[in-house]
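As written, the chain order gives the labels A, B and C, with residue 1 at the start of each chain.
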Amino acid sequence: MTKTNPGRFFEDYAIGQTIRHAVPRTVAEGERALYHALYPARHALYSSDEFAISCGLDGSPLDDLLAFHTVFGKTVPDISLNAIANLGYAQGRWLRPVWPGDTLRAESQVIGLRPTSNGQAGVVWVRTTGLNQVDEAVLDYVRWVMVRKRDAASPGPDPVVPDLAPAVEAADLLVPEGLSFENYDFDLAGEPHRLSDYAIGETIDHVDGVTIEEAEHMLATRLWQNTAKVHFDATHRPDGRRLIYGGHVISLARALSFNGLANAQMIVALNAGAHAAPCFAGDTVCAWSEVLDTAPTQAPGVGAIRLRLVATKGDSAAMTLRDADGKYLPDVLLDLDYWALMPV
Amino acid sequence: MTKTNPGRFFEDYAIGQTIRHAVPRTVAEGERALYHALYPARHALYSSDEFAISCGLDGSPLDDLLAFHTVFGKTVPDISLNAIANLGYAQGRWLRPVWPGDTLRAESQVIGLRPTSNGQAGVVWVRTTGLNQVDEAVLDYVRWVMVRKRDAASPGPDPVVPDLAPAVEAADLLVPEGLSFENYDFDLAGEPHRLSDYAIGETIDHVDGVTIEEAEHMLATRLWQNTAKVHFDATHRPDGRRLIYGGHVISLARALSFNGLANAQMIVALNAGAHAAPCFAGDTVCAWSEVLDTAPTQAPGVGAIRLRLVATKGDSAAMTLRDADGKYLPDVLLDLDYWALMPV
Amino acid sequence: MTKTNPGRFFEDYAIGQTIRHAVPRTVAEGERALYHALYPARHALYSSDEFAISCGLDGSPLDDLLAFHTVFGKTVPDISLNAIANLGYAQGRWLRPVWPGDTLRAESQVIGLRPTSNGQAGVVWVRTTGLNQVDEAVLDYVRWVMVRKRDAASPGPDPVVPDLAPAVEAADLLVPEGLSFENYDFDLAGEPHRLSDYAIGETIDHVDGVTIEEAEHMLATRLWQNTAKVHFDATHRPDGRRLIYGGHVISLARALSFNGLANAQMIVALNAGAHAAPCFAGDTVCAWSEVLDTAPTQAPGVGAIRLRLVATKGDSAAMTLRDADGKYLPDVLLDLDYWALMPV
């Protein structure tokens, strides 16, 4: 009898089930430095304790995506080891900053199940919560994946499909306690643009690009303790290529978006996300953004901007998402919809 | 007269000689984060301060192999710069945890010398001790290497071959002060298997594999301040390949062994080790383990498991070490015999 | 109207202008660990808190070049995004150590402008100062670059060429407060050579070499938040090669110089520097040094050594800088002139 983790199959999930994911993780200065080495991250609030203090925080929190990847990584052995496809994200919110020295763990609740029509697999929806060492939730999000069945002949459960909002309402965004952009230093932040300078529908080509190396995405993916074999083992696919963790592309695109969105400081919600195409080492990742919405918040000087962040393979200048049939263009790697906080 | 280190030759060693190795090193949160980026390490005691505290420690120590590599790296300029072969390890023990902020240095005592029969080289045995900033020993081990002679015609010393035990006795294992597995959280640790679930002779295929990149093993090997030219300089060998530091393979295999041995938390002894074949970038490293022994300890809820850890090039499913003639199979990279602590 | 940074052109600079560079950065234990992973750095004062304390400091400062690269990186978006060539450095001094936890920012003052004879571009001289979180200067240096004009037909400014000393005077070197080499432990430092063992004109081949990987130089260059596209985007040059940040070669060569200059502990001045040839992944970098001068300092046991550090592509054994016509030999990558502190 094997002692290794075979992963869960579709039959192993039930509505309402809560899964406590393994291996809590203390994240600190070292993870912060690595984040800056792995991604061209320059948002000032995550780069400088002094800048963060000038914004009313106690110091610089760890990058919001570092928190996301750490929590996500914990779920992989229980949720996506046998996944055929990572289908989507919804209703994600960052609930409080993660500080250096915090220990993160994760729990997921099964909120939806639907067998596929061919009976070979099923879609599983989970709401995952990341918690810190005093059991405060730091973020939560819904994710759904297609998971293999152990036995194609096994009867499927009654389908339950959760009702998911297309986006987090602006009124539901949580602004970290104490945050104020009233003394915001635009020079140090890197760009003069404030929320009122962005128009809904505006698109921004972030210009820069990064060609990905195998070592980089593997260092990152290991750092998040994401164990999915396909990211690390070149013998796993017939073509000998390692599939890059989708979150690596998210972080890369977000960091590239500094150039034009330097003041979109904190990510507070993940509305939706699609990994439109696989990414491999050797690909040059570029990014563009579209302003989807703006909203005020209660915090002094702080507004919210809803952005579509698109990662492309190669040049992002065309800033076109879909073809005439509504399908993603072949160079689109990622289509992410999120809310960030920006000085008004 | 050159000011650079030519390394020591066989003639430069004498029985009883103590060598204080250069360049003490402070290891902290940054090294911990890098360890998690370089290896798919998931053992909870080294991942989470909270988990370590729940096991009676003050926080999460640095990985036992991080301590080993740091100490080992210091010895390279004095012991193995002119080594032809790294022949073995014995009688290694971890004597106390290394905490973030500790400063490590190393000393070695020459305990054995034996010229080779052709007179070109000799075998040198050293007992190396790693010490922290208050001169407490944190680990010690015996290692032996074959070293070139400066002058093949020089007379060799009288041979002294130390009497080395095949394994550290269970009674001699040191359990870190305060360690208790009485409140051990198997969910958070990642697997339900306790010491009593493992049978002597049982083998475990750890399933996962990692394809190694040049950048990764060089980052690791530099981090341990191991200066052996052959790991870094592609012009050093006629075939243009860089030889991967054997310790990189040890850490990789140990991390992979989480899958099936998630509760083999702390390494407390190194009984023996052979780098059976060289490892190069592009190799996909997999691992399997064999349970060699189990033993109780005095600490609450803490048992000891003696394991053979085998790293293979490619698929580890066959779990076969040697051919009919007793020689290592060509895909075997590492054969390591160690003791770890596990909940009973 | 684009929101991304187009960089400055020659017309955008004026004598006396001060530029506050964006994105302050807190540097800590994580950056220190990465520095040791990226470069074979072994100088004891930067490796061990205990060693630094024995030299009269409060602990181990961050590597002097880590401070330099962090400050330099901040200047890139304002100074060298449209640079055609990085022409030189002069009059650089390290003014106080950078400690883990410090936050660095940078300012540059324009001190020279000279249009090129063809009117297409101009040379810009800036004095850049790195400052910590309490606005103390930690280093400053002059750098000059050739920058494109926005409009070749635009009239150039009256030329102002600063009068730059060929080297920092020994009397102007600043020794960190408290530094003493009176209790210097040569064993732990790694070599017995003191200042009096080095003769002016002496050359040292540092023997070791490192073959560079794409992932490594990109990790480093991102860590310094240097955004120059040419380092990251393989589609940017027709030959598909990424140009390695010159500072990566500086750090690599300095780290390699440990072997023969282990006691040249702290860098206190940058007299001059030329990136003689571009460096690409796959190059094996070696290094040699020439002793240019020595001088006493006021601090107990502390002397100063002025060194030429040369990085070569491949074997450094020839230790020859220029051909018969006075041009750099094709294998010379870097020619750097600096002062370091060494026990007398």
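To be clear about the criterion, a residue touches a chain if its C-beta (ideal position, glycine included) is under 8 Å from a C-beta of that chain, and two chains touch if they have at least 3 such contacts.
For reference, the UniProt names are A, B, C = MaoC family dehydratase.
Just so you know, these numbers come straight off a predicted model, no measurement behind them.
Asks: For copies chain A (MaoC family dehydratase) and chain C (MaoC family dehydratase), work out whether under half or over half of the interface numbers are shared, and give different or same accordingly.
Replies: Under half shared, hence different.
Asks: Only C-alpha atoms count here: how many degrees separate chain A (MaoC family dehydratase) from chain B (MaoC family dehydratase) in terms of the superposing rotation, rounded to the nearest 5?
Replies: Rounded to 5 degrees, the superposing rotation is 120 degrees.
Asks: Centroid of chain A (MaoC family dehydratase) to centroid of chain C (MaoC family dehydratase), CA atoms only: how many Å?
Replies: 36
Asks: Scan chain C (MaoC family dehydratase) for residues touching two or more other chains and write them down.
Replies: 28-31, 33-34, 213-216, 219
Asks: Touching chain C (MaoC family dehydratase) in the complex: which residues of chain B (MaoC family dehydratase)?
Replies: For this pair, the touching residues of chain B (MaoC family dehydratase) are 2-5, 20, 22-26, 28-31, 33-34, 77, 101, 103, 105, 133, 213-216, 218-220, 222-223, 225, 227, 229, 232-236, 242.
Asks: Quick check: in the complex, which residue numbers of chain B (MaoC family dehydratase) touch chain A (MaoC family dehydratase)?
Replies: It comes out as residues 28-34, 36-42, 44, 47-51, 60, 187-191, 193, 197, 204-211, 213-216, 219, 259-262, 282, 284, 314-315.
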